[in-house]
Amino acid sequence: MPQNAGKPLALVLMGSDSDLPVMEGCLAVLKEFGVPFHVEFCSAHRTPERAAELASGAASAGFKVIIAAAGAAAHLAGVLASHTTLPVIGVPCPSALDGLDSLLSTVQMPAGVPVATVAIGKAGGVNSALLAVRILALSDDSLAAALEGYRAKLKEKVAAKNEALKKKLGL
Amino acid sequence: MPQNAGKPLALVLMGSDSDLPVMEGCLAVLKEFGVPFHVEFCSAHRTPERAAELASGAASAGFKVIIAAAGAAAHLAGVLASHTTLPVIGVPCPSALDGLDSLLSTVQMPAGVPVATVAIGKAGGVNSALLAVRILALSDDSLAAALEGYRAKLKEKVAAKNEALKKKLGL
Amino acid sequence: MPQNAGKPLALVLMGSDSDLPVMEGCLAVLKEFGVPFHVEFCSAHRTPERAAELASGAASAGFKVIIAAAGAAAHLAGVLASHTTLPVIGVPCPSALDGLDSLLSTVQMPAGVPVATVAIGKAGGVNSALLAVRILALSDDSLAAALEGYRAKLKEKVAAKNEALKKKLGL
Amino acid sequence: MPQNAGKPLALVLMGSDSDLPVMEGCLAVLKEFGVPFHVEFCSAHRTPERAAELASGAASAGFKVIIAAAGAAAHLAGVLASHTTLPVIGVPCPSALDGLDSLLSTVQMPAGVPVATVAIGKAGGVNSALLAVRILALSDDSLAAALEGYRAKLKEKVAAKNEALKKKLGL
Amino acid sequence: MPQNAGKPLALVLMGSDSDLPVMEGCLAVLKEFGVPFHVEFCSAHRTPERAAELASGAASAGFKVIIAAAGAAAHLAGVLASHTTLPVIGVPCPSALDGLDSLLSTVQMPAGVPVATVAIGKAGGVNSALLAVRILALSDDSLAAALEGYRAKLKEKVAAKNEALKKKLGL
Amino acid sequence: MPQNAGKPLALVLMGSDSDLPVMEGCLAVLKEFGVPFHVEFCSAHRTPERAAELASGAASAGFKVIIAAAGAAAHLAGVLASHTTLPVIGVPCPSALDGLDSLLSTVQMPAGVPVATVAIGKAGGVNSALLAVRILALSDDSLAAALEGYRAKLKEKVAAKNEALKKKLGL
Amino acid sequence: MPQNAGKPLALVLMGSDSDLPVMEGCLAVLKEFGVPFHVEFCSAHRTPERAAELASGAASAGFKVIIAAAGAAAHLAGVLASHTTLPVIGVPCPSALDGLDSLLSTVQMPAGVPVATVAIGKAGGVNSALLAVRILALSDDSLAAALEGYRAKLKEKVAAKNEALKKKLGL
Amino acid sequence: MPQNAGKPLALVLMGSDSDLPVMEGCLAVLKEFGVPFHVEFCSAHRTPERAAELASGAASAGFKVIIAAAGAAAHLAGVLASHTTLPVIGVPCPSALDGLDSLLSTVQMPAGVPVATVAIGKAGGVNSALLAVRILALSDDSLAAALEGYRAKLKEKVAAKNEALKKKLGL
């Protein structure tokens, strides 16, 4: 299965290949922070045994966090969370109802089995990785430092856009 | 586990005991039509292995139809449908969002794994059983006749309410 | 009227020709499973007598299941269900409100008259046929076996997509 | 069937007796304006033949307008409108989803078959009758004059409430 | 101001020129039925005095029905209804929120001042005219006959589409 | 009409007496800040002439700001804004749809005629007055100082609640 | 930072450069009315210190009103309002959910800290500036006169569109 | 400020004391797992400086995770996340719109600043603590073991409810 260098810490699962564009930002952020990951298509409905197997074995395989992207009746994150005690991050993907169904299916988990849900679509894709990094940084000081650098870059980008705006408006 | 007389044909699962009031109408209709059933609390998230086991074994255990009631991120019906080829009927139960999340989590299944979804709440509870009876009646003429009788009774009830209305309005 | 070979078991009705793209997946699945069907445009509002006639006579004509696709104030499935005791499957079609109106008009049936509702749009089109096959398979072992084959193919497709993903990501 | 004095001009149908509290305002307004009416419970789903019969025969029976109240998958007004060329007024009744499903099921009719939809619940009950009176007043000058009187009374009620407010606030 | 031949009976107002595509179906139906109309852009917010003037004087100018199209915070129909006792038909136009805001702003009128609301967008445009014709037909037998003809044509169009479907599917 | 001492600066209008509980917080805040106001029931639909008259004359009568509370198809704020160039603040009141209709009817104004919309219900009632004070404070230094005092009190209340919490939790 | 001539009175902040197309109408209206402004990208989440700094210092820097545009979890206007007693106007920008999330995040402020919310998207962009002008006009008679001129032009534009409509329809 | 024994690892903030009933389950779970916490009312809008101070200093004070509960325009979690690189968990609290506004304001964060959102209301309160424990358990084996015990207890509770159900139904 696809993974980048190092023993993977993040398990990234997508319910369908239509979720890949949403999750490209997730993979890019994980690479940017040097977090090794394993990525795989895995559907709560089409490959339920594989979903249970991956989630059940994730902790002993050395994973620290699971990221699951799915759309519509998005059961993947919840199903995974029911088979592990690792933190599970859910990314609601766009759908016929603009992702509202995906969001509600992911976030409205019953008491007992939490899913850490992020925003619908590409913003959520990026933020799922950043949330994973925030969690991993709790026991990795270099990641914590990298997060501070990332925050600084966010500010710099706003500053650069302000320079461009000044020129555009001729001020 | 609870069941009524005869080899059970309908497997009725509820994600939580808060779903029981919604499903009392379901059980009453199954009894009225003499459909033997097995009923059990079973959560997609708290007892995922039991859910998989019940669904996987349902057909060989002689069940013909599965009815699943759940609320909020209502994954139960979809999870069951992923482990069986029997028809699975989903009942969305009321929630903090009036059951809209339950409905979308139940009905918006991806292509490949259908859930036959009925109305939110008590109307759905009753109708889940009636839909099961409509399915079972395809190979049971006495059930088909009973359904015709049920339809006639629906009409009679409307007629009786019209008599009461006439009196109430003094006409 | 259009139908494929054999005495039709599934009656497929569409409220409008704009629903045809949604239902092409339904017809394809029925053909794939060899389920003979009759398909026809029939509107609850423009041809109400035809809708009543088709539904009332469906059982005696040998149909086992009715599939109805409609959008917006999607009354077709409910109107058909009021004229038959066969199981009726409703497919909510996209609309000005992304199909939310179609979904609620189809699924929120009152106690007494169930409609088995599937997902909005093309996923629902495919799943309406699969649900029909699940129902027909209760008394047809070859269909039950074909459903098992279909499930296996769903898994194989996921595996194939994982191979493609591995290549794409250069892993 | 219940009706008030005179040859009835308004046909008032309710899908269920739970709709009666919503429609008491409708009946009260019709009486206030002296519009003779016939009122009856009639369900699109439980008594579809009666619904078709009432709507088909309404014009020749002398009715000028039909008012239909229903909730959830509220098909009644649309079904009636498909069987008559009289104006049909739809009142969406409260439901598990606060009447949003009732509203969308009533108002989102396809091109060709209009339903004149009013507000959800009791405001809609009152307004369904007032809309009927506005229609009937087109050929009845005394009704037109009564409507002007009604408008004047609405203003007077606001004035009276302002008097009460002044006292309450001690101004 | 634009109008077609004869003393106008229908007053058609649009809040904005972006509503014209929605209302072309309305004008076409009025022409098809030979209903003379007056059409004008008139905004509840940009030309409130003109809106009040048109509505207040509509009855004495011989109009029998008012049709108002508007989007977003669609106040036009309600504002007109507050200045007349003629029946007012509201057409909710598409908006940033797919017309849901337009629909709620039009239909949720308080008890006392009804607006006859039709579907969002082009279906509503066509149906606003058909509802006007249904109202006018109460005192015009030729319009009533034309409506019967229109209903027959709706059925014929479905039949023609079924012929095309049969060919397309090669059946 | 009700008003408190001094030449009124704020014109507070409510569409219905059911809006009074929502607006009691508004009146209390205006009194707390010593802003003289005039308050009156005035409906966009039941007293449209009065609404136009009040808004048209508000500036010359010395008012600086208008606050309008209404529910459901809440047209009041928009109608007032169309008759004045004063800032108009809209308070969406609770309704059958929890105030979502009120909110959309108030806020979604077309380009050209703004309404300053605040939160649904009692929070909006309080905030409508605070927003009015923020506007009036631009030319009244004592009001500006009072607003700073109000902000300080908000902080003190949080501190007091923290003391109570500490005791409650026994910490 | 970008600003037009004169000591700026309006502080216009945008959460992201994707909000610029929404706010071009705002800037154009401010220019049209000759209101000097300062415009800057500033994010509640990426540059929270800058947001606090700008809002805290706005009053003493001579600003009279703050306009804030943001989308999705649109916190910018509320965050600014918590750091100033100036009136803050919020513009909800389009998002994956059509701006419904942006609207609710902007308008549903708790009692104590108001945000003057305008419509979603471009209409809101224009109206944010017009609302600012209405506020500034309270102490600037030339702005008040300009607003009257603006209202007159709105009416003239409707008249011009009616001329075009007359020609288009050949009437 | 309130806290339980030990150097606190979880910082629990609530926007208002009306959020306390929602968060009692959170505090109970933290106590059950022996996770020391600090709890405090802190509003993004009423005490913005305190919110910034707490979040900015949380990591150096030894906190590992922040939990923030807020309703309506629920900005608290997002504001905190903008001032720290610790993982921030957001709990959307019930509101006038049933918590839908709270949910969207919490979850729809822009790319760059993630909030780990859990379910609306009490289920979310419990799950926020469980998610915090899952995160802390990554570097604390005794917590990981306790989570396994918690999962086992969830299953046992379902089993106990099934015993009760069997008795209740007399089976």
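Labels for the chains are A, B, C, D, E, F, G and H, by order of writing; each one numbers its residues from 1.
Throughout what follows, a contact is a pair of C-beta atoms (placed from the backbone, for glycine too) under 8 Å apart; a residue touches a chain by one contact, two chains touch by 3 or more.
Owing to the predicted nature of the structure, the values given are computational and were not obtained by experimental measurement.
*Asks:* Could you tell me which chains are in contact with chain A and with chain F alike?
*Replies:* G, H
*Asks:* Over half of the contact pairs shared by residue number: find the pair among A-B, B-C or A-C that meets that against F-G.
*Replies:* Among A-B, B-C or A-C, the interface that shares over half of its contact pairs with F-G is B-C.
*Asks:* What's the distance between the Cα centroids of chain C and chain D, rounded to whole Å?
*Replies:* Whole-Å distance between the two chain centres: 35.
*Asks:* How many angstrom lie between the centres of chain B and chain E, each centre taken as the mean Cα position?
*Replies:* So the centre of chain B lies 42 Å away from the centre of chain E.
*Asks:* Quick check: how many Å separate the C-alpha centres of chain A and chain E?
*Replies:* 49
*Asks:* Got the chain H residues that touch at least 2 other chains?
*Replies:* Within chain H, the residues that touch at least two other chains are 43, 46, 72-73, 96-98, 100, 107-110, 112-113, 115, 119-120, 123, 154.
*Asks:* Every touching chain pair, please?
*Replies:* Final set of chain pairs in contact is A-B, A-C, A-G, A-H, B-C, B-D, B-H, C-D, C-E, D-E, D-F, E-F, E-G, F-G, F-H, G-H.
*Asks:* Which chain F residues qualify as touching chain G in the complex?
*Replies:* Chain F reaches chain G through residues 25, 59, 64-65, 85-87, 89, 103, 107-120, 122-123, 126-128, 130-131, 134-135, 137-139, 144, 147-148, 150-151, 154.
*Asks:* Can you list the chain E residues touching chain G in their complex?
*Replies:* Residues 1-4, 17, 20, 27, 39-43, 46-47, 50, 72-73, 96-98 of chain E touch chain G in their complex.
*Asks:* Under the definition above, what is the set of chain E residues touching chain F in their complex?
*Replies:* It comes out as residues 15-16, 43-46, 48, 52, 71-73, 75, 78-79, 81-83, 95-97, 100-101, 104-110, 112-113, 115.
*Asks:* Quick check on the complex: what are the chain F residues that touch chain H?
*Replies:* These residues of chain F touch chain H: 94, 98-100, 119-121, 123, 154-155, 157-158, 161-162, 164-166, 169, 171.
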